[in-house]
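Next up, some structures in structure tokens.
In what follows, chain A forms one complex with chain B and a second complex with chain C.
Moving on to the complex of A and B:
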């Protein structure tokens, strides 16, 4: 048997390879650079890697290929758009993560131990969060472009494993943070086991590990339908878990609350883009011809997710938990783009993912700024009167909330409008009705927070708004500008997405 | 012997693992149940590979083993850290976060 060496198209793969290279160098920097220089070296390296990768992505934006890595990876329009969204969101998140004050000085030390105190006093802050972020980002970049089952599974784990660790790195409330890591890890690997089992059945159904091969079997319809249905069901459980759809959402409020806030923002935004990217690819290309068997179930899940997320968010007293339930509701809105199963659904989903991701990073960046002497204040009651003390920060937060609510002149409105009209076009009227209803409910609690910030008197309890560092500030300013710009002039981006976003099969 | 029997075995192992994750309280045991589920999936892959006469399924099994090993590294690190700070690996004791 002769061995044929694989041919790789390095130009098309370079955005991913650059990230992996940067992450590996980051590990070496962590080991060899002195503690005085470590933090700044890591930050420069990480941002440099991300920018380089984004620049490379821009260069290859018009190239399309199935054969970039022997049919394991496809680079097409949606792939480029999703990867670019992930990179932009990642850059914004890194600017917030760069404020190392949020992270434990030494994750291995016991909370409250002498060792921990010593490493804080001597300024021996480990900065492993940067390489971990880069590894997670490279997994996210591969997940939506993978076209065979092996790559898909490896990418899923590559994006998840670093996130489990990052959830446990908080400096304050370390026990809660470790608990978040444990919950995220156990439930996350539980769902990846389902994903893997579903893959096994799809392989049994089609005798092929490539998505194209499975698609052929689905179109031909010659295989054993039981295997296909089981495979689709289990794969969907894995994906729905990652996007946080009801009934697989139980992890997200706890993890969002316990994880360090910059990580929560990154995770909420970037993981959603990656997971929905993979979901869109799988449902639009592989399962499209079996629509009759999954569309009713996914519609049901979408409706329940939107309503559940919006109604439960009403009862939240904690900012991070409120944003977590709002992200569950948004997962429901995004699912209506999957159900639409038409070109406008794909365009709208990509636009929505980008707009929502940027606003999420911005909103969580603001949560990091509201503090008292013991750390961040996430209790909503203590956010009273924030608008009177710090009008700029409160206005920016109000802007993000209005975008989440889908008020006109923000990116959220355009996103919601286009995604619901795509779903309506495809005849999913029930989903659209539930979507509009839950948007109305959701608007109520977003606006309640705005009222709380601007029209009530501040409490004298030591809650104050930290002066943001230059990096965090630029991240917030950029996010709010994008959020408003996409609401006022969405046309250039929408038409860019429309021309580029077509799956090649 | 009929290869389909291995599929039944794999489904059984997967169910035992899934039930274990839901019922057991010790984080290490929960984690072992997850590993059992991954291995059940591996068994399915190898069986389907035999039934379909296609080697790719066996390749997937190798990749899964490597990924499972990585998962063990990360998972045990998290569980051991929790155990050191709480002196307990029960998933019920970890309940600081609630609504």
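Moving on to the complex of A and C:
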């Protein structure tokens, strides 16, 4: 057997390659650029890389190819749309991350040690977060376009490993942050093992690691069904873990709370797009013909996830934990797009992912602004009367919450409406019913926060809203504008998605 | 038939909208020039309208309507709605009235609001109103109309409550808003029924679908549209808000509560002519509402001492005329519109006149404290007087042409209906003459009954110029619109032609009768008010009828007795039920939910080993579930 040298289509891969290149240069910047210039260099480099990648993506938006990397990667409409969503969310997140006050001075120092105190005094900054983010983003970019299980797994690890690290970089409450990072890492590895195990079963079933090969076996019905079912179940567990669906969600409240807030926003938004992107591709193309076997189970998980997320969010007193449970509920809503298994379900899911991602980054960006002398204030009781002190910030937060609740004239309403109607069309009435029910519950706790901010008297406890830096401010403004614009004029984006989003097999 | 498209209709709306946005965003920075910009933008919108009119004249009458698609608004599955505009013979009439009278009122307000620290905000709201009102008359579907409909409601709320530091004014704006909501519900129900039965909400689509739709559905839509019109146009039984709306600055009363917004109901009914023509019962209801309101408003007008409230009552009554006429079907639509246009001139003119009087009298609105202002405010007197002659229907003033047409059409409605309607309109004309003469006498003639501090003076030219232009309109518009049947012919392509024509009374006799009624009304008013001194304080020992009329014909009492008090009782009972049963249940559920949530939260114990165990258990459960499904 002779070795065939791989042929790569560099144009189609360029958005991903640019990111990897940028990340590598970022590592060199860490090594060679002086401390004073490092942070601004990194910021410029990272944003430049992301914008360049996005521009490149725009150029190839009408391309379709199975052979960009020897059949390991596919470029089609959904791929372009998901990658673009990831990049836009990443740019918005970087603007918030750039406020380096969130990150520890020296990640390697023990919390409370002399070394840490010293590094704070010398004005150290963790600028490694930029290349780490770029690596994570490149993994996320590959995840939804991978067409064989090996690439899929590599992408999964590539996006996960930097995130584990980034979760532990918080400047304040470092122990909690490191605990979160460790938990995320342990549980992530555990779920990766399931994923890998599932890959093995699927290979056993079809004697192929490529999605196309597995699909052929599923369509042909040859092979041992037990292997297929186990494979599907284990692969699904890996994916459901990443999106935070019940019962594989347990990590997310702890990690969301412990991680530095800008990272939480990035993680919640971008990881969801990537993981759901991969999930949509796998279920829509590979497992579609075995729908009878998995659809009831995934529906059950969707229902439990929605209800669990919405109900438990009610009992939260911490804004980051509340948003974490809200994100669990949203994972449930998004699963109904997977269950729909029709064209409108795909369109709606992509729209939903983008809309939700942008609003999430904006919401967490606002959480970074509410502080007292010891850092961010995430206790909801201390958010009382925020609307009276900082009407703009509180209004923007209210806007994001209304979007999460799915109130009309926000992107959330259009997203929920289209995703539920797609699921309804496909006959998943139970899921839609549970979705509407838990949306009602969810609306309650979102609106409770709005009431808290606007209709109660402020507490005299030193909580104040920091004037956002220009970068954070532009991120919030852009997010809220998109959130409202997509609620009022959703049609252009919806029709753009509709024309573009078709999986090629 | 393909309709011509245009790309410039949107500027009509975009110009004033831009004004509102700029003024609100620029904030205090635009205090110096904001009012000028707003006025200029409104006026340029008027010129765009004139240009559009000139283009329409050049085209043959069947091709005058043009449309413009703005963007795809909502498109989810089969549910698709475009935001589009439609400029046809009917909407251009409204556009010219709105932007024309609107510009004059902008000019007037520059001076009227000169001392108000928030003048810029006022102009921003005025521009917002103009934009919303234009959207209302230019939308090409019921849904687009609805957006404008809500927009004018909002602008009206903001403007009535403009001086919201006074609690009474804030309450008035709230009352107007809430009563309008009832009407808005009607409109949304109409849209829902139309969409459910016809599958479309565009005017063209609905018109085409009328033939295949059951009379029941059409009657439902018609009645709901009527409810909407009743709310917006202050018709019986939702008329009470209009009097309170006079709390707003007087230019607002002139623009919104006389010339434009309150006529939106008339627009809605004429625009929906195809529905009402196919739903006779709804149409009959329109006529009844119009007839009741025109008498109602006229009677209230006789007893009001507040000059603006007297004018508001008169507006109510005049719109009653229009609604009645629009309910008479194809023969009536054009005359309803004609009266609407002439009314726009003379009533706006009189409101501005009232504003001018208030301006000179330290914001005094009680007519009993006026008197003999003819000498100190000659221009206001003349312009107000021209409006007065127009509303009375004295030839050759505007009201003569338009009101006579309505009375004539009412008589010709046929049978006993014709006689009743004719008599009502005729009687209304007499009462109108009475109360308007009363206003004239109390305000401008007799002896001064001013407060000691009052120093009445004529208003500056920026204020009297618009009044003069409107007075000119009161003088000429009737003749211009009716000579050669020009307006009727202009509008004819929109309404199904209708040949049957029973003539109960010859036109000349109708005119004569109307003039006699007016003469009687004027004479009675002269006898009652001109021959003896008028008390500066309203007399208490008056007849029961006067007292009833002073209280808006007991409408508020009626509302109170019929709705408010039973409503309050109901609320009390409900509160009790709520506290005991519902709250108990809710708290129970709430407690249960929170307890569940807390116990679920307890699962979140922070130990990685437990989390990993969940994942494992979850995985096993999933495999079992798949196994069950497969079996």
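Just so it is clear, the second predicted complex is superposed on the first by the 504 of 505 C-alpha atoms of A that agree within 3 Å, B and C clash if a C-alpha of one lies under 4 Å from a C-alpha of the other, contacts with A are read in each partner's own complex, and residues count from 1 in each chain.
The working rule: contacts are C-beta pairs under 8 Å (C-beta built on N, C-alpha and C of every residue); 3 or more make two chains touch, one makes a residue touch a chain.
Values in this document were obtained by computation on a predicted structure and should not be read as measured data.
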For A:467 in the superposed arrangement: first (chain B), second (chain C), both or neither?
neither
Please work out whether A:183 is in contact with chain B alone, chain C alone, both, or neither, and reply first, second, both or neither.
both
Is A:314 touching anything from chain B or chain C once the two structures are fitted on A? First, second, both or neither.
second
Which of the two partners, first being chain B and second being chain C, lies in contact with A:254: first, second, both, or neither?
both
Set intersection of chain A contacts, chain C complex versus chain B complex
182-183, 186, 190, 194, 253-254, 315
Complex contact set, residues of chain A against chain C
182-183, 186-187, 190-191, 194, 225, 229-230, 232-234, 236-237, 241, 246-248, 250-251, 253-254, 292-294, 296-297, 300-301, 308, 311-312, 314-315, 344, 414, 417-418, 421, 425, 489-492, 494-495
Inside the complex, what are the residues of chain C that reach chain A?
71-77, 593-594, 596-598, 600-601, 603-604, 606, 608, 610-612, 614-615, 617-619, 621-623, 625-627, 629-630
Which chain B residues qualify as touching chain A in the complex?
7, 10, 14, 17-18, 21, 27, 30-31, 34, 37-38, 40-41, 44-45, 47-49, 51-54, 56-57, 59-60, 63-64, 67, 70-71, 74-75, 77-79, 81-82, 84-86, 91, 94-99
Listed in rising order, the residues of chain A that touch chain B in the complex are 107-108, 110-111, 149-150, 153-154, 157, 161, 164-165, 168, 173-176, 178-183, 185-186, 189-190, 193-194, 196-197, 199-201, 203-204, 207-209, 253-254, 257-258, 315-316, 321
